[in-house]
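Sharing a structure here in structure tokens format.
By letter and in written order, the chains are A, B, C and D; residue numbering begins at 1 in each of them.
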């Protein structure tokens, strides 16, 4: 396993500020490792809802197929955290998001992760195609790499 | 405010074992104060689902109107916890549950609480009457006080 | 049980904005009933830390002895929530906070609660006196009632 | 990205039963994607504490450096879940655990993940060597692959 480098803020296209909670911090005095995925999920859902993707009755929904993250720095309860969100890849019915937690004014992420959504039919839960309109909106947050 | 006495196990009619999680413990080294309500909610829902109350499409649902708890002892991550559940009162469309968290072999609760459910229509969210059948089932867990 | 009236914003002296998370919402489509206590705890801790009360090594700490809340309205994931915080009472070693969750521009709380902290010695966990300086700071957020 | 196959129960050496909570289930009616890491963390900590590794004052502690999981099946609130735990690799100061969530009597995991702990000094948080004794205990749960 080669350890990845933390991502720069400039790679991301969408930023969602989030607040931490007293109970996010565990006995080791830092934000517990299960919390980043709560924040990633929140950022993705916020962005989808604001862009009217995947959250209305007639649309397919997204379920998580795979997620991962690397920790580069500990986060404390009084830190200001912003979630950076970008599109990494789109397949026929899957979407891979790149996510980063940025603490205070740091330019590199404290936690960096990936989140693979599979688009499925709301009732059958079978994979559903991603519409052209959804692809167009998703491309507006494509990761900016050199 | 007079501080209540912790409840004895013998008052309860239904016991739901629950497991604690590493992230339930906060920086003070004990189970965080928001956790008991997760466990109370779980015990009530388990009992309702097993007794086929309030969780099928054609039935009204329950929403929490009021909840409270008193802490008598700290709980640690490796403690074995059982939730005691009993019926305290039924109104025309409200149900008050008595709840206790029992740690290991203790006969008195470490945390004791109340939980008031209002039965509401699934769609309108307006109060709905509690059926005679639901009342009969609820009475089977009436708190046993002398 | 008489149902209390929801509190007005004007009663509170301190406001802490918080963000909701996707996983705060349960299968009923609203913020789960265990979440308000996570937010109350967070607001109290933020205020204490910013006012240098009860969070340094040489100070006593606060543990929750009792908490309760009433729900007046359902909260959704996209709602903007602010926690209102005020001091309700101080005893020899206990502090009762009044707390309210305010959604968007509402002037009355969607959820209103109380939170009783007992000040205890960090090591012995026995009740400790509240210092005059702590009392003075706590009085700056005394609830404003007519 | 090639999608891995779900792991068989026979690969694991240690099993920790856990209980689900009402609030684990999100609006999509299944256990939210942030929950598996709460359960993984709990299983690893339980096993470490029972084996007296990494949780006493004179020992180094473990912090999470990387975690990931794949979802193969949805989990419901009434499902019985057991966490399977095995050792995948040990480095000079890192430990990679293999984890699986097994639902009811299923022989393959519903969720499979990895969890990389770095052993660090409790005070400096710098990587610390893993003792021979800790290595010996860790090898007792080495993944059983053919």
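List of remarks:
The criterion applied here is as follows: contacts are C-beta pairs under 8 Å (C-beta built on N, C-alpha and C of every residue); 3 or more make two chains touch, one makes a residue touch a chain.
Everything numeric in this text was worked out from a predicted model, so none of it was measured.
Distance from the centre of chain B peaks at A, each centre being the average of the chain's Cα atoms. A count of C-beta contacts for the chain pairs B-C and A-B puts B-C on top.
Chain geometry summary: the mean Cα position of chain B and that of chain D are 30 Å apart.
Chain centres here are Cα means. That of chain B falls 22 Å from that of chain C. Work out the mean CA point of chain A and of chain B, and you get 35 Å between them. Residue positions 22-23, 32, 34-35, 38, 41 of chain B each touch two or more of the other chains. Looking at the complex, you find that chain C touches chain D at residues 22-23, 25-27, 29, 32, 34-35. Across the complex, chain B is touched by residues 17-23, 38-39, 41-42, 44-46, 49, 77-78 of chain D. For chain A in complex with chain D, the residues that touch the partner chain are 1, 3, 28, 30, 32-35, 37-38, 41, 61, 63-71, 74, 96, 116, 125.
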